[in-house]
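In what follows, structures are represented as structure tokens.
Common to both upcoming complexes is chain A, partnered first by chain B, then by chain C.
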Partner chain A sequence: MAALTINNVVKNYGQGDVLKGINIAINSGEFLILVGPSGCGKSTLMNMIAGLETVTSGEILMGDDDVTNVEPKDRDIAMVFQSYALYPNMSVAENIAFGLEIRKVPKDERMKEVQRVAKLLQIEHLLDRKPGQLSGGQRQRVAMGRALARRPRLYLFDEPLSNLDAKLRVEMRTEIKKLHQNLGTTIVYVTHDQIEAMTLADRIAVMKDGIVQQFGTPQEIYDNPANQFVAGFMGSPAMNFIPCRLVGKGTEIMAEVQDAFGKVQYLPVPNPQALASMSGKDVILGLRPEKITEPLQHKEHEPLIRHLQLKVLVTEPTGADTMLVSELNGEQVDCRVGPRFGVKPGEITDLMLDMSLAVFFDPETGARIDQ
Partner chain B sequence: MVEAPMTPVRQLARYGLYAVLALVAFIYLMPLWVMIITSLKDTEEIRTGNLLALPGSFNFDAWVAAWSSACTGGTCEGISTYFFNSFQIVIPAVLVSTLLGAVNGYVLSFWRFRGSELMFGLLLVGCFIPLQVMLLPMARSLAFFGLANTTTGLVIVHVIVGSGFTTMFFRNFYIGLPQELIKAARLDGAGFFFIFRRIVLPLSTPIIVVTLIWQFTQIWNDFLLGVVFSGAETQPVTVALNNLVNTSFGGKQYNVDMAAALIAALPTLFVYVLAGKYFVRGLTAGAVKG
Partner chain C sequence: MPIHESGMSSTGSVLVRRHSKLVVSRIRAAWVFLLPMLLLLLVVAGWPLLRTIWFSLTDATFSNMEQASFIGLENYLIYEDGEWFGILADGLWWRAVWNTLTFTAFSVSLELVLGMIFALVLNAEFPMRGLVRAAVLIPWAIPTIVSAKIWGWMLHDQFGIVNHILMSLALIDSPLSWTASADLSLWAVIVVDVWKTTPFMALLILAALQMLPSDCYEAARVDGIHPVKVFFRVTLPLIMPALVVAVTFRVLDALRVFDVIYVLTSNSSDTMSISVFARQQLVEFQQVGYGSAASVLVFLSVMSLTLIWMYLSNRSSNHGGVK
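Presenting the complex of A and B:
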């Protein structure tokens, strides 16, 4: 059953549309992430789901109920804010119980619920403290506890981890994922961090300029981006964009590149039918860094594997693997090689290109052209 | 911050600073000192003695006279009745204008509507319209409602005049509170007044104290509105003090004048001393990261 349906929603503050016809639907129990650069409209959309912003046109449904013009308090939604927004004059227990108190839940039941939530989040020892006496991570937990206490139909998370330091952020990310798996709640989560988006989401809506650029599962979005923006935004380090020309070689169509010696090489494309009519056209080849590696024995026999002699400009060891910065058709490319692949800056080395997930974009519009 | 080490030059500069501060304090406290010692002298000693000299003997007759028997215009009953009149005016006027300011500020900060900024701008203009401009229209309105020369009428005038300032105080304080607190409460299901009572008011202690002190001082010290809009029975102490000083039978009784002025000033002094303690800061620490 669809837990949340957003139908052609538009937001206009008077100077052009901030959101230009958003369509998203998720099922009960799904984890939806709205991700995009700042100013893309993701927070506005979340506030509209919460009822804190009015909808200019379109409709928002929860289950089968049209909530487009329903007051926030009647939507049965809980929200975790970036700043946590804990009530500073109340203790942790009172913060968690506040929503229940308003809904006139009897006191002993409230206390029971506070205990349940506190246990779930391991904040039982903090219940009597005021928010001012808590650390950032503890406040984060209390804010989540406040949302969990009411068992609402929908949870909204507005960049909840962005105020935490890097280590704590990774820990809390895992906790949120665990909570979602254990409780089966429906969550809408806003972030600008594409790693959070990939790790947490069941489905991701990548937004830019008030438009959903792509809506799909994390793997779909990673492997099969709808356009160059999505391809570049998702993934770290970002996808390589290599300008090249498509040429017909007999019945085949190939991408033309130059290796370190200036010698022209031809790379196969995964979906030649879609590009058949594009022979002679300049395009952008998108290839993720992990698809350019040192020669790997076990992949040699695969059909879309090619080797190129490339010059190494910089090496950046991360421990687990090493990023090489090289150059292809005048554009810098990142390559991911094993940590023991001994190569020094300035050397020319043999690298393996796996073209099975290569994607192609129109250099003018950034649109996918090989689907 | 680490303090720089005390070099002789810095030491000297520090003493210079203290000297300037002491001088300024002296200049400010001198009139109060003269008032106090004059109120404790008798008329003879005032006439013959030095203005700054200590009284020969402490004599509270002038204070008693100012309180209960000095003549203020037609009657000779001291300023005690008017002192209590002032309380009857000040207490309701301060409470109502503060509450009104709090609600206004809450709306203007968290429940913006089309034109709310304009509304706030107009309220600010209202703060700076000279009182004299309002006297006639206000008098006509009070007469129309049958409130001329009553305490209620004067309280209403003070509330109207003061709520521009109190609104500004609360609005500027609330604008610094995180909007997300209100959003969170709305999603928790709380309504307009529930949020005000349970979330916003408990965080307002510092600004409530500031507003109370400001309003109390303003209304207690007011003379113009008091002299225009009160009747003979409902005059505030400031008007009575003026009448007392201007009424003279025989020689000028400076000691009684000074004692009456000190009595009239005591409540505002008292409010500063008492309420200053409750000037709580940083109550919202912990609402947001920080």
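Presenting the complex of A and C:
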């Protein structure tokens, strides 16, 4: 059953549309992430789901109920705010119980619920403290506790981790994922962090300029981006974009590149049928950094493997692996090699390109052309 | 190694001396900054205060200020020929104390409630808010003498606009003498003070309201908490420290009230505050000793209230933890 359906929703503040017809539907128990750069409209959309902002046109359904014009309090939602929004004058326990108190839940039941949530989030020892006496991570837990105590049909998380330091952010990310797995709740989660989006989501809506650029599972979006923006936004380091020309070689169509010696080389494409009519055209080849590696023996026999002699410009060891910055067709390209692959800047080395997940874009529009 | 050791100790002592020199120069700088203000306070506050206390212990009058003789606490209280004399046995003094307390209690609580309402309205978003905010401040910006004179004319029993309006609305049959009647005059004074000082209260509360985090109000909206409940459970506790300060300021101010009462009702015993009482004794009856004793009593009561308040607020901030 669809837990949340957003039908052609438009938002206009008076100077053009901020949201230009959003369509998203998720099932009960799904974890939806709205991701995009700042100003893409993701927070506006979240506030409209919460009912904090009005909908200019279109409709929002929760289950089978049209909630487009329903007050926030009657939508049966709970929200975790970026700034936590705890009541500074109330203790942690009071903060968690306040929403229940308003709903006239009897006192002993409230206490039980506070205990359950506190145990779930491991904040039992903090119940008597005021928010001012808590660290950022603890406040974050309390804010989540307040949402969890309500057991609504939909949880909204508005950039909940963006105020935490890097280490704590990773920890809380895992906690949230665990919570979702254990409780099976339906969550809508806004973030600008593509790693959060990839790790947490069942489904991601990548947004830009008030438009959903792509809506799909994390792997779909990673492997099969709908356009150059999505391809560049999701994944870190970002996908390499190499300008090149498509040429017909006999019955096949191939991408033409130049290696470090200026010698022309031809790279195979994974979906030649779609590109068959584009011989002679300039396109953008998208190839993720982990698809350009040192020669790997076990992959040699795969069909779309090619080798190129490329010049190493910079090496950036991260410990687990090393990022090589190289150059291909005048564009810098990132390559991910093993930590023991001993090359120095300035050297020309043999790198292996796996073209099986290569994608192609129109250089003008950024649209995918190989599907 | 003796040479090396002496070298060590000499650099050590140089370090110590430099350090103490720095401290000395800092202390000196602090005194240089403090001294002008301390001198000023001594001249304009300390000296008059000490002289007033001294006069209150003498039989000084305007004509014999120099030959005044020490009479101990006789100005305050003395038992003579089977009767009590002195300020503390003076019916008019106690009347003034009662008037002052009534005035303080009613004016400050009315100002608090109205100021809160004003502040909440001014804190909401509406068109021309800046203009309204400025307009609300006008009564407070007018000097008290001027506004009290304006109100004096408005409340005039024969020519006043207040009586005129009430009569034409048929709310009263005959003109009321607002500032002269024993039943009405204290209330008239309170109303004028409330009119004048509510903006000050509103300003202090508005400042506190603007410091509040906006996010928990959004959270309250999502949680479906009624705005009235949010006010009493969230807003009020959060602005309580500011309210306490505002009320303390106003109480201390109201206990010393003089101008609005003196201009509206001059020396009427129905509205006489303790400051008016002290002025009457000092200036009109020329009883410098007696009047000074009254002033000292005003000073002592305001000071002890301040000390109590400072003690209580210190204790709550030390033991209450984060509010």
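Quick note on the criterion: the second predicted complex is superposed on the first by the 371 of 371 C-alpha atoms of A that agree within 3 Å, B and C clash if a C-alpha of one lies under 4 Å from a C-alpha of the other, contacts with A are read in each partner's own complex, and residues count from 1 in each chain.
Everything that follows uses one rule, which is that contacts are C-beta pairs under 8 Å (C-beta built on N, C-alpha and C of every residue); 3 or more make two chains touch, one makes a residue touch a chain.
What you are looking at is a predicted structure, and each value in this text was computed from that prediction instead of being measured.
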item	value
Chain A as common anchor, with chain B and chain C clashing or fitting	clash
First, second, both or neither for A:N163, with chain B first and chain C second	first
First (chain B), second (chain C), both or neither touched by A:P72	both
Which of chain B and chain C A:L52 touches, first, second, both or neither	both
Which of chain B and chain C A:H307 touches, first, second, both or neither	neither
Contacts of A:F98 with chain B and chain C, given as first, second, both or neither	both
Touching partner for A:A85 - first (chain B), second (chain C), both, neither	both
Touched partner set for A:K119, first chain B, second chain C, both or neither	neither
Which of chain B and chain C A:R139 touches, first, second, both or neither	first
Residues of chain A that lie at the interface with chain B and also at the interface with chain C	50-52, 72-73, 77-79, 81, 83-89, 98-99, 102-103, 130, 132-133, 146, 150
Residues on chain A engaged by chain B in the complex (per definition of touch)	50-52, 72-73, 75, 77-79, 81-89, 98-99, 102-103, 130-134, 136, 139, 146, 150, 163
Chain C-facing residues of chain A, complex	50-52, 71-74, 77-79, 81, 83-90, 98-99, 102-103, 130, 132-133, 146, 150, 156
Residues of chain B that touch chain A when the two form their complex	178, 180-181, 183-191, 194, 198-199, 202-203, 283-289
Chain A partner contacts - residues on chain C that touch it in the complex	213, 215-216, 218-219, 221-226, 229, 233-234, 237-238, 321-323
